Amino acid sequence: MNEAPIQSVALLVVDMQDTFLKAIPDAQTLLARCAFATEAAQLLGIRTFFTAQVPDKLGPVSPRLTSLLPEEAREAHLFPKTAFSALQAPGMMEVLSNHQIDHLILAGIETPICVYQTAIDAANEEMAMTLLSDGIGGRRRDDRQPVIDSLARIGCHVLPAEAVFYSILGGADHPSFKAFTALVKKYGDTAPQQS
Amino acid sequence: MNEAPIQSVALLVVDMQDTFLKAIPDAQTLLARCAFATEAAQLLGIRTFFTAQVPDKLGPVSPRLTSLLPEEAREAHLFPKTAFSALQAPGMMEVLSNHQIDHLILAGIETPICVYQTAIDAANEEMAMTLLSDGIGGRRRDDRQPVIDSLARIGCHVLPAEAVFYSILGGADHPSFKAFTALVKKYGDTAPQQS
Amino acid sequence: MNEAPIQSVALLVVDMQDTFLKAIPDAQTLLARCAFATEAAQLLGIRTFFTAQVPDKLGPVSPRLTSLLPEEAREAHLFPKTAFSALQAPGMMEVLSNHQIDHLILAGIETPICVYQTAIDAANEEMAMTLLSDGIGGRRRDDRQPVIDSLARIGCHVLPAEAVFYSILGGADHPSFKAFTALVKKYGDTAPQQS
Amino acid sequence: MNEAPIQSVALLVVDMQDTFLKAIPDAQTLLARCAFATEAAQLLGIRTFFTAQVPDKLGPVSPRLTSLLPEEAREAHLFPKTAFSALQAPGMMEVLSNHQIDHLILAGIETPICVYQTAIDAANEEMAMTLLSDGIGGRRRDDRQPVIDSLARIGCHVLPAEAVFYSILGGADHPSFKAFTALVKKYGDTAPQQS
């Protein structure tokens, strides 16, 4: 991560809507990790995009996440869609292309459906892709690891959010180090993980 | 999955006979996942084949599965065999070849025996192969992951059924989306998985 | 496994001595799986070799295993050694070479020490190697998987014993099928595995 | 490991400071495994280096580890740093280069941060890298395996300390075998691992 210019990287948070979250085990932990990634991206100047699956029917992206973007930016960074892949949301590829984004940090739900299809599309578009291992989730626990392993085999990076953002910082001399450390502490109260 | 034309894909369900199922932990969950895959394949127009290991002695494929095929199609889609590999069932390769099937979605039992040997044969025949991670099972729990990892290393895809079928759908605009969502719900009552 | 001529395959059981076994969790299960592999190899005509680490000091290979070889063959198939790698036991490479063995099925203890170094040596000798996932063990549980993954990455096959031997059989028509099935049942009473 | 000349290998123990250790589950086990690796390296003539993250603020490397080096050598083998990667500690690359070190055995904390970035840097420098699976740790348990898998995919070796050091010994004839066995026993009292 620490070699790509930050301008070419974007965080893409897929379908974090309450309709889906309520069916997911540990949904609050997942929401907190996505909020951490979103706040970290804001801090480090990484563009952040949200998608919503058929929001007219299924409701909006969790306000806990969208409220982390500056109010005037929310609309431009929110993409409704009917396709499962986030890259097929109307306008998404144009925006990524306009900003010369060639590396996506991917979070959201569900791992075997919209996250998987987004990653496959990104690979087909020859974009680099980093899945946040602590930022993706799904209803069926045992479906998770086979999907992650499949995506890793086609070249997708799979890393926890801290590995990604600490790599971008690079060291304690980074001007945002203190603010980032505060973020890590803030989200350290997240419910304990299962080992 | 979403790039292969649907006509060239087949679902192959191996040896789901009661004799074997009764020795397998979580057999009811496995049977339900195979039924889900079979119903999904029917819905999406994916040809489905069953094999039975020496059925004269060991009994038929579970009627819960075969009853999901239209009655007039059952016989033509059921292959008795003595070899462990499903591809060595008499007539199987001819049928796959006649239908120009070059990608198999594989489910059934047992992972280290008939499923493994079928996947090895498919690799030797240069057919693509997708193992359903939630659709295969065996008596010995710890034997599962080494077999899956071995097959993945020789190019076998390993994905849960939902990842496969949602990829074929591609989005909420697909004409079978509603019916498929109903199927997912129907099989959501399956006994909870172990994480 | 089902493509190598059986004559070129050998089972190599490393250092199954009581001194080491008594320090290993689930030693009785491991001993049973090695006995199963040894009996299966005898049945299928696969040469079987045992090594013992400094047996003058540390005692003999468990008689439960050596007693499975015909009495007159035991001495010629038992290799004492001081090196950790079984392939560095005096006379071992000559015997393997004389019998034109180019594929080793490997079992025994300890996974991170003698098993690991044997597999590394085999890779350096360009011999094929299949680790029996249910036939290897060690004192420290968490040391197991990293070693297996490391060996898999350099081309070592990793499979449970049933996957290996059922592949050699190929089907219910094999003349040894019934006898092998009886063996599987005999060893099915092995203490239940941890999932 | 057993092919690299021992002079070209170094043990690098990253940021084992109490500030970080107190936030880590099983910190005492981790500290013991790093002490084992350090003692083993001393015994076998492998140079050992420690780094400390901003020690003026965050305190020194645990004396349990530094006290294992001869008193006169401690200062020259201890590298304070502000960057997360150990290879960016002032003077580190020069020392490694002067000693013609081209293979690092890596231990310490935290796996997704300083250990990860050190391994990435080593890969970029085309140095060989062996992560000690039992010698690395971090606050968040679930973040561990994705990082290990990511590093393994870019060519990093991942092995437990015993696999590494027993490979360097090669056999019971090695002059340090008895002393090493005593070390293994001394650290065998380490709190039991989780399977």
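Each chain carries a letter (A, B, C and D) given by its place in the written order, and its residues are counted from 1.
As a convention for this text, contacts are C-beta pairs under 8 Å (C-beta built on N, C-alpha and C of every residue); 3 or more make two chains touch, one makes a residue touch a chain.
As the structure is a computational prediction, the values presented were derived from the model and not from experiment.
Undergrad: In this assembly, which chains make contact with chain B and also with chain C?
TA: none
Undergrad: Looking at where chain A touches chain B, is over half of the residue numbers used by both copies, so same, or under half, so different?
TA: Different residues, largely: of all residue numbers at this interface, under half are found in both copies.
Undergrad: Taking each chain's centre as the mean of its CA atoms, how far is chain A from chain B in angstrom?
TA: Roughly 32 Å separates the two chain centres.
Undergrad: For chain B versus chain D, what separation do you get between their C-alpha means, in angstrom?
TA: Inter-chain centre distance comes to 46 Å.
Undergrad: Going through chain D residue by residue, note those that touch at least 2 other chains and give them in order.
TA: 194 - these are the residues of chain D that touch more than one other chain.
Undergrad: How is the touch graph of the chains shaped: line, ring, star, complete or other?
TA: Contact pattern: a closed ring, each chain touching exactly two others.
Undergrad: Residues of chain A touching chain B in their complex?
TA: Listed in rising order, the residues of chain A that touch chain B are 25, 53-54, 81-85, 88, 112-113, 116-117, 120, 139-143, 146-147, 149-150, 153, 194.
Undergrad: What residues of chain A sit close enough to touch chain D in their complex?
TA: Touching chain D from chain A are residues 2, 133-134, 148, 152, 157-160, 162-163, 166-167, 169-173, 188, 193-195.
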